[in-house]
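Some structures are shown below for you to check.
The two complexes that follow have subunit A in common; it is paired with subunit B in the first and with subunit C in the second.
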Partner chain A sequence: MTDRSLEPTMVGAPAYQGEYQGKSRDEASRKSAGLVAERLKRFSGGAGMWSAVPLGLLLLAGFFGPLLLVVLYSFMPRGSFSPIGWPTLENYRDIVEQNFYISFGWSLAMAVVATILLLLIAYPLAVTMVRLAGKRADIYTILIAAPLFVAENIRLQGWSLFFDKAGLLDGASESLFGAGTGSLVGNVPIVVFGLVYVYLPFMLFPLILGLTNVAPDAREAASDLGATRFQIFRDIELPLASPGILIGTLLCFVLALGAVSEAKFLGKGVVIPVVQDIDSAFTFGQNWPRGSALSVLLILIAAAAIVVVMRRVDIDRMFTRR
Partner chain B sequence: MADIHPLTRRLLWLFFAVVSIALYLPMLVTALASLSRSRFFIFPVSRYSWKWYEDTLASQQIEQAAITSLIVAVMVALISVVLAFFGALAFARYDWKGRKSFQYLVLLPIFFPQAVLGLAVQLWLNTIGVEMSWHSTVFGQLVWIAPIATLVVAIQVFGYEPAFEDAARDLGATRWQAMRDITLPLLWPGIFSGFLFALLLSWSNFPFAYYTSGADVTIPEWLHAKMIGGYTPMVPAVGTLSIIAGAAVLVGGFSIAAFVKAILARKAARQRPA
Partner chain C sequence: MPKSLAGMRGSITRRSLLKTSAAGAAALAMPMIGGRSAYASEGSAYAMELWEKTKADLAAMGDFRKDLNIHAWEGYTEEPVLDPFASQVGATVNPQMLISDPAAVNNLRSGGTSTWDVINLNNAWQRKELYPEGLITPLDKEKFKPLYAMNTPGFQWPYLWAMDQGGNELLGMIQRFGPSGIGVNTDKISRETVEKGGYMEIIEGAKGQYGILDYENWVIMHTCMAAGFSPFRKHTEAEMESYRELIFKLFANAKKVSDDQAALARDMITGEIVAVIPGSVYSVSAARFEGETQIESVMPEDGIEETKTAETPKGKSGITWIEVTSLVKNPAPTPLAEAFLVYCHTPEAAYRVAAKAPGTLNPIVQMGSPDVLSQFTEDELEAIQWGEDGQWLETLLGRCIDFDINPDYAAMHDLYTEAKRSRG
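Right, the complex of A and B next:
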């Protein structure tokens, strides 16, 4: 954009020289100083673009480059270690023929269930934070955000020690009631529990942002006009909070789809999530194209969800304080 | 009646308390397990001891992992906060043509499964022939953490009044002076939070370290290897120490911020003419 706007002055420069040849030097230099100032002004007018450059470069080199490479690899013949070659679709055919879609199915199903549970659990929490916490909201925010700074591994291992045989729950109920719970790990529901636990803050914070968009006046007005609680919830609260709800849902769905540790530490191998298949294709399998093809499918699902949601959300309005 | 019924209020608070406890429960169990003398965690704990902490502190491997984790976290936080400062201005302050696209661009890596992104970065570095070490981990983590830090700073920028900066410029301040005397001090809380966030997220990050660190090992990687390879009570011991370190940074950081805020407020009160 800046290149194009600079173009006319560049092209025009020699013409100026010809035009001012007969005039005094002083005047010509003043004219050129004006040109420089003009250019500087354009330069600073692009302050937004220039500020975006450092982060943009990082993302180009660390996000788009790698993703493009993954796409390239996904079309390479099985087991090839170079992204340059005759393209083929055999990796995608393998995914269907060798039952790799099973892990996809599990990951999708668990992500959907976890996201729905997260909405149900996080919504009342967000209401508490926005409408009841008042001045102490900041402290509660830190309280809920802090576990994010502890490695997922540690927290999931903690739950495993809690739910496993002879763990805290089993041992406590054994000594209190004389009957233990036995091992509660190594099944699908506990994996979903792990997903809900790990991603709760990712649902909660967007919901809080969304609910702060609901002006108390709007609720008040609806109530004065005779709306019931449920009508206020359905017709005022939900629509106004919808950007936050959409973002939280999207974030949790995508992250849960790509989750792997929950199945490892709580599921104990009872389900294989798709990312574990991707990981084994890259490591044990030494089959980069297959891992890439699986990644591409995962990325496509995530991208579809992102596009659908983000088209309905205005980021500026979401963050601006009222 | 738009207000919440008192009974509903109580239920909401009760639910909030239960969830908050659940959030911290696994960490408490971890701490408990680290203090149990036996090789395997059995509740109720029959004998408590500090043995696993002594082993942990004596281990050179863990010491090295802690040093690597710390260096990576500090590097990631420092670079993130610089990228995030300018990124947040482009994200929220300046009105420019590509802004909407830039906003989506910044959000994308956050909305991305870390493990897949980590593998992609590994593949990329492998292909262009970069030797993997903690340096590449810094790069990998930046891809995910710098956008988050940008969002954190951007929240501050959205609440910031650009008119102050314009006023300074109108009164003859250069762009640099306006930046130093107006923009930076006003955005300081956001920048500081962004730094803390980046530091802590890097400290606890596993996927990027796992795929991009080569032979170097960070604390979350060490923990993962031990969890997969066979449980030892040093796992909860290292985990607990790592949690304590993170908590100390969090509490310390917020105390410093509160302290500075108090000092500035007192200064401002004194300067105000009587």
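Right, the complex of A and C next:
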């Protein structure tokens, strides 16, 4: 076990530790900035940099280009099919004046609930798989990852047919017990179920990655020193696995925030997530500026979540396990 | 008619006589929709000859772009229709199915003209938006006009929605069409009840028991019809208020909202819901083809006031759509685009467009030709609510106004989305 594994970490850490960490981060940032500056200095005169410029620009344009277009469109008047024109705030005003808070609210609420449920379900599963570590873990990994090779819509349609009236569940219970379940689709809990089902691998695999940071020796040492199982979980396992937990949480929250198929296939219109509004604005609504403004707001919400989480994650440490 | 085609007409007449007699009695006793013009067989023979000539011309043409990009509704994007074309002309066909008419129109507006060669949309878009905006190219009128001889009497030359607003240019070929009203499980609510009670029989009478087929512009159009006025003109404040009230009620009272017509048809079959608004032959035909003939598209008898005339004293309550397939004004066009339109008129291809699309069967205007009509099985005709000699379909169509552009669509769509969100 390295010393780093016993460093105070963010989850459950007292305030002075946070301050300590803040200082560490500042120092690390300064060091990193110095390194970057030094490398840039060496790099700037070399042929390597000039060779990398076209690809770098292409990647930048590919990443920021679409975002810039969406932002520009969001300030265009209704009926615009070009991002260049006299800017207006009417799209944002319309969003505030109309009842879009309902779809934003449902998207946020369902994303939060689904992410919490995913954490509760995936964590014990991840612990089991890490501890199994070997052939059986591989089998479980394949079983969990396999559905990803089937289109999400098809899987959700399958669940819809399973839960719907005269579906597999209804038919089977009718046949076995003489009373069917009726339709179990068309409600909010089934939409959340769909989110949990679809995004389980996106929570599970980062958790597994995070939990591999927890050396068995650390648990054993804590146990030898008299720590209870709960204390080991709270003070050793959770802090060390926290980068994986945070990455998984972030991934699932952002993905669930942008989900629409679950509400369509399983919700049957019981609630409208904001992405459905965006889709509607771009297609049937013929209102690209409105769709863009909604997209910008959704991106801002997701970006805020990313900023909050990424301030707490040391990606470098997570992937290099230093 | 160009000289190259003039010689064909003589042989067409001789062939048509033979084909007419071979088509059998089924083709002889047809009224309006099921009926045919005096030149129906002549039209299909012309289509065959034109297709042969087109293939020969392409073979002799030498160098041209061999890939064809089609943006269309599902009738034109599937293998049964595309594979024979591709193999006969040696083309690579890249189809993309539409998700909505407005989305496709926007696609062309935002540069899609460089991508697509053929665009297939419901009527009115070509005539009122695409052609005036320079996004499509007119067809060769002389070449395509004789094909109208295949059509049923209601779709004869010159057909309004295929022509430009000046009536001079032919903007596309017409083929699939259908009436849209209310989808009903007639085992749960009788056809007569819905015909007499109209949309409110479902919206209020079957509160919590019906679904909404969420093709957004169609929901808006049918809500206008249910509110008692045409969607296809400017609306007064009072009408907008009526629309607002009704669309909120429509969504509040619905049990399910889905853009999956098959799922909603299944819900009607299982009794989960009793009806669907809107419900067209398009959306119920697949279920009917599977033997679920209790699922019907029903058109209320009493229509909106402004459509009541001496000829139609009860007015019209539903909406007819007809697809128009056009040549996109692609800066690098391929002759395959026009060839594809010709090919779609050949009797076998026309039948496949009608009956072999995934999840839906639809009538086509070329059913006026015995060579086309004779290919439909009884089950397929039952699926499209053809009825005795086409009478059932004719009755439904008689209660419909034609699809058109809604000038208040933007405001109505805002209210539509508000109503939909308010369910949650």
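By our rule, the second predicted complex is superposed on the first by the 256 of 322 C-alpha atoms of A that agree within 3 Å, B and C clash if a C-alpha of one lies under 4 Å from a C-alpha of the other, contacts with A are read in each partner's own complex, and residues count from 1 in each chain.
Rule of thumb we're sticking to: a residue touches a chain if its C-beta (ideal position, glycine included) is under 8 Å from a C-beta of that chain, and two chains touch if they have at least 3 such contacts.
Only a predicted model underlies this, so the values are computations on that prediction, with no experimental measurement involved.
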- Task: Consider subunit A as the common anchor and indicate whether subunit B and subunit C clash or fit when overlaid.
- Result: clash
- Query: What is the contact status of A:166 with respect to subunit B (first) and subunit C (second): first, second, both, or neither?
  - Reply: both
- Figure out whether A:308 sits in contact with subunit B (first) or subunit C (second), or with both, or with neither. neither
- Task: Look at A:78 in the shared chain and tell me whether it touches subunit B only, subunit C only, both, or neither; answer first, second, both or neither.
- Result: second
- Item | Touching partner for A:183 - first (subunit B), second (subunit C), both, neither | second
- Message: For the three-chain arrangement built by superposition, which of subunit B and subunit C touches the greater number of subunit A residues?
- Response: B
- Once the shared chain is lined up, is A:109 touching subunit B (first), subunit C (second), both, or neither of them? neither
- For A:127, decide between first (touching subunit B), second (touching subunit C), both and neither. first
- Message: Applying the document's definition of touch, where does A:288 land relative to subunit B and subunit C: first, second, both, or neither?
- Response: both
- The intersection of the subunit A residues contacting subunit B with those contacting subunit C is 166, 264-265, 282, 288
- Task: Would you tell me which residues of subunit A are touching subunit B in their complex?
- Result: 1, 44, 46-56, 58-59, 62-63, 65-67, 69-70, 73, 82-83, 121, 124-125, 127-129, 131-132, 140, 142-144, 146-159, 161-162, 166-168, 170-172, 175, 197, 200, 216, 219-220, 222-223, 229, 232, 250-251, 254-255, 257-261, 264-265, 275, 278-279, 282, 288, 291-292, 295, 298-299, 302, 306, 310, 315-316, 319-321
- Query: If you look only at subunit B, which of its residues touch subunit A in the complex?
  - Reply: 1-2, 4, 9, 12-13, 15-16, 19-20, 22-30, 32-33, 40-44, 82-84, 86-87, 89-100, 102-117, 119-124, 127, 139-140, 142-143, 146-147, 150, 154-155, 158-159, 175, 200-201, 203-206, 219-220, 223-224, 227-228, 235-236, 239, 242-243, 246-247, 250, 254
- Task: Under the touch definition given earlier, write down the residues of subunit C that touch subunit A in their complex.
- Result: 99-100, 102-103, 105-106, 109-110, 212, 214-217, 254-260, 263, 266-267, 270-272, 409-410, 413-414, 417-418, 420-424
- Along subunit A, where are the residues that touch subunit C in the complex? 78-79, 81, 94, 98-100, 102-103, 106, 160, 164-166, 183, 186, 264-265, 268-272, 277, 280-288
